[in-house]
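Next come two complexes, and both contain subunit A; in the first it sits with subunit B, in the second with subunit C.
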Partner chain A sequence: MTRGLWSRETVALMLLAAYLPLALFWLWFGGAEALARLGLSLLVVGVWHLVFLLARAQPPSLAALITALAIAMLAPEGLGGFRMILGISFGVVMGELVFGGWGRNVVNPATVTLSFLGFGFPAFAWPVFDDPVAWAAIPAALIAGVTGTVPVAVLASAALVGAVAAASGVLPEQVLFAAGIVLVLLVADPVTSAATTLGRWINGALYAGLVTLFATGWAGAAPVQIAVAAALLTSLAVPLLDEIALALWIARRRRRHGRT
Partner chain B sequence: MAARTDVWTTLTDPLIRQNPVTLQILGICSALAVTTTLATALTMSISLTVVLTLAAGLVSVIRRHIPETIRLIVQIVIVASLVIVIDQILQAYFAEISRALSVYVGLITTNCLVLGRTEAYARHHAPLPAMVDAFGNGLGYSLVLILIGGLRELFGKGELFGHQVLPLADAGGWFTPLSLMLLAPSAFFLLGLLVWTVRSLYPGQTEAPEHTPPLRAEPAE
Partner chain C sequence: MIRAGFGSAAGLSPRFPSPPDMSGIAEVLTEEAAVQTPVGPSLHVTPLVNEGDVVRQGAAVACLRHAPDVCFVAPLAGRVARISLLPGRKLSEIVLFREAEGDVERHDCKVAKTAGGLRRLMQSSGVWPWLRRRPFGGMPAPHEKPAAIVVMATDTRPFAPDPRRALEGREDDLTRGLIALEQLTDGPVMLCQQAGPELIEPGIGEGRIRVVTCGPRHPQGSAGIRIHQLFPAGLDTPIWDLHAEDAAALGALLETGSLPMRRLVHIAGAALRDAQTVWTHPGADLRQLTQRLVSPGPHILTSGSPLDWHATRWLAPRHRQVTVVPREATRQRPHWLVAALTQSATPRPAIPTAALTQAFGGAIPATPFIRALSAGDDETAMAFGLLSLLEEDVALADYVLGEGGQFVAQLRRMLDRIKTEFAA
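Coming up: the complex of A and B.
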């Protein structure tokens, strides 16, 4: 595409378009309740973006829609309005907006929100996805990958490791579904996933590896809980992965050319 | 008159404006560890304030006799002796709280706040101003600890000093405890929010940004 077309908002719009199949299938199967959750999270995320626009002149981003969709899809069920508002406020403000808005955050705000809700209110049940919703993650990943808004290396390496784990029979079907949706929605996010090619391959593999580890060793955890915990740990490790990839690159340059 | 305002500012400055925890980020290890309940936070605050004030006084009294080369050893010996006394008193009279605080009373010895004040202030000032400064810093530390401890206990269990303040949902009330508040990360979040608040009130305390963003966002290819 021509230079100048790709701004932050183009990426956000493209991601939104990619997530449409997932969102539509989820809404179709979730019905009015899903719509209400989406509306609530949209409202809260939107209000915080507005607050930061007015208080710190931070341009709001369409990525708010993506965050709201991810939270509405993956948050524990039956939390009630107050807890949802608390969790979303915490995640969106501390995970994204204090860093300067979408594009400067270290962790995905939706990941922060979901971890907060999961650790803060462990009594509530995590959602379970119908098969068609989980399958809709594949077209979403394809659209995002082909348009280049989501790093393909992350998706590919996670899919590879996940396929090996699933073939050897350690990943139950529900965990596989949840991990796929979380991979598309949270882990492969262009801002918080790795920025170097090597880092991206390790990023995806690390995520799939953590999911496998939790699925085998974490007794009593819900599939979505496993995937969200793996996503949080992976996104915290991502800057380190990038740093390693850059250090390797610099060392190789130095060995071959005597300078960087 | 001038001397009196001096003493007054030495005492009150470290409370909020020069607070050792929020401005210098000193002593946060214990601030994070002992703030799960208000009782432990209060005990820790009192212990630290007492140790800090006495240590500053002692170091200041012998400040002209401490050899420059071994001054840290001398200071640590003084602080450690005081800490042992406090620890014994706690074990004797407040056995339960002493168990809850576990190793952290002993770790006052290595608290950066104590060494920081004795090294930076008490070593160069007369005993009275040194003790006033140490007392003020102890109060500033206590303020942060009690604030965070109170918030964590209130929202984590709905209690203050072990008394039920917010009616729990299990017992027919409306409040569901936020169990995240009892975990270590919440202390980080609360401390971060507190530092943010203080630095919004005193913009001079904000650090210089490490990176300057480009004036105009450069579109990718």
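Coming up: the complex of A and C.
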């Protein structure tokens, strides 16, 4: 039997291809230190995937590479090996693997890891991105959006709300950069973002709204911290958004047809 | 004219390998033909003929055991070669050998003036098995009254023959068939067609016949998606669907008294030298149909489109496509440890992508529906329109996700479970 293309691993590969410009620019500007962080997070994520493969026969996914990239790019700097390993282990195991692997998780493992590291060890500085790295998020979003692997509605609504906020001058440039990278890497993840069209529009707008709120009202927060906190809260609200969108859809059909 | 409720560009056009079409339409009456029950669970029947009997084209050869009015008829005049029944007198197939000078069965069409008479004529003349009901699929019960009837004059499956070509010059028959179908229901009769001139004159019948235009990509021409959009099926609101060519055949039956068995079938697939469109009949012998077309080498003859075929020797009832695929060498089985580690967690979860949304034509919230299907959540799946759908409507999603029949099987299991729960 001939089979279609969009199996779980194809989607993971397409996402990886889309994130390639972002990853390359970040490695180019980050140098050896960035490479070491990426290597460490790859190793830890890989080990946990291997543990779950052997213990629970849960096939590993190439999405592990995406998780490792997001963690390496966004984790606070200077944490040291032990804290990094602890945080990544918590995020990857509790955020993804215990639910059955990529595709069955409710929150993005990288978001869980980053929140754990950021709020658990607040003394460490969050990373700051060079301009070209932040600009590289745009081709990444374009490739992923055109191939249909990330929901375009999430990107579009976040961009719209973000553009309005930036035009009114409440979003500093650094927050905008960090929010863009987090949007592409964490919020627009196809699995944990909303699954309905209406839910997706609200999802993106909610993220951008939270970023704006934190940027104006949260004194002393680093740009990446703001974006990661907004991403975490958004991903917790996503099931509710989907539920609302589906209830509306069903109510509309019931009104039109008298049944679903 | 009603336009479909979502963008006419929704859907996908998956490509499958096939050689180019030969020009012209050949007319093929196969030397052997089989009478079979519709695809699905096999039915209890009473054979009405013996092996060796000579039957006319359109003569009843078997009827349902628990509803003797519903007959299965011979697609061509011939001699009964073999009657194979499965345990429990369920019909496997009745094979006929064609006889050159055969006669055609004639029916008395005066009875069709009333709805009850029309129903009896459709059941005795062999039109009934061409109907399909939703929810749950299969032939409708003899006394069931549908809430609406959908007539499909479009087929967007890959390599499907163009129904417009099959209906050329048969507009009067189609109109007559639609007016007859209108008698069977109190609801609308909807003719789904591709963009272009309307196949019927406006304002015929009692005014309940509507023309619906749908887009060119699959699954927009899929009966389940159309029913979901136009008039969703429910447990107490069954919807019937019928191919427009069969509706035209019903119209011809009412005019002439004999049921035409001609049917436009497209033969395609990777194991062919040439693809071809042929006029043939239900239950045609696929070996003879593809004899001069297949390229050398092992191949599988299948009835149905590349998305929802099954391997068989006969053209299945209702099917209008033959797909010939190369037989693949059996794959080396993976090492037991690798198999244990990687295959125990199947099916893999479906990742929501634009391709998955389009596989349902944007008409159903694809990801929540697929998740409800894999979780076995009947209530949620029914709220999303499960009862309007059958296997062929989710076949595209299954293909797109590369799951090899997983969702089709889950849908069938869920439908069977709901059916038994509500029958109890």
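In the analysis below, the second predicted complex is superposed on the first by the 257 of 260 C-alpha atoms of A that agree within 3 Å, B and C clash if a C-alpha of one lies under 4 Å from a C-alpha of the other, contacts with A are read in each partner's own complex, and residues count from 1 in each chain.
Operating definition for what follows: contacts are C-beta pairs under 8 Å (C-beta built on N, C-alpha and C of every residue); 3 or more make two chains touch, one makes a residue touch a chain.
In this text the structure is predicted, and so the values were computed from the model without any measurement.
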Query: First (subunit B), second (subunit C), both or neither: which does A:190 touch?
result: second
Subunit A contact check, subunit B vs subunit C, more residues touched by chain C
Field: Touched partner set for A:91, first subunit B, second subunit C, both or neither
entry: neither
- For A:109, is the partner it touches subunit B (first), subunit C (second), both, or none of the two (neither)? neither
Checklist entry - Between subunit B (first) and subunit C (second), which does A:30 come into contact with in this model arrangement: first, second, both, or neither? => result neither
**Request:** Determine, under the contact definition given at the top, whether A:54 touches first (subunit B), second (subunit C), both, or neither.
**Result:** second
Original post:
Should A:250 be classified as contacting the first partner (subunit B), the second (subunit C), both, or neither?
Top reply: second
Which partner chains sit in contact with A:7 here, subunit B, subunit C, both or neither? Use first/second/both/neither.
both
_Which partner chains sit in contact with A:83 here, subunit B, subunit C, both or neither? Use first/second/both/neither._
first
Identify the partner contact of A:121: answer first if only subunit B is touched, second if only subunit C is, both if each is, neither if none is. first
On subunit A, the footprints of subunit B and subunit C overlap at residues 3-8, 100
Seen from subunit B, its contact residues with subunit A in the complex are 176, 178-181, 183, 185, 189, 192, 196, 213, 217, 219-221
The answer for subunit A against subunit C in the complex is residues 1-8, 10-12, 53-54, 57-59, 100-104, 148-149, 151-152, 190-191, 195-196, 242, 245-246, 249-250, 253, 257, 259-260
In the complex, the residues of subunit C that touch subunit A are 14, 16, 231-232, 234, 237, 306, 325, 340-342, 344-345, 348-356, 365-368, 371, 382-385, 399-405
Per the touch rule above, subunit A residues touching subunit B in the complex are 3-8, 83, 90, 94, 98, 100, 116, 119-122
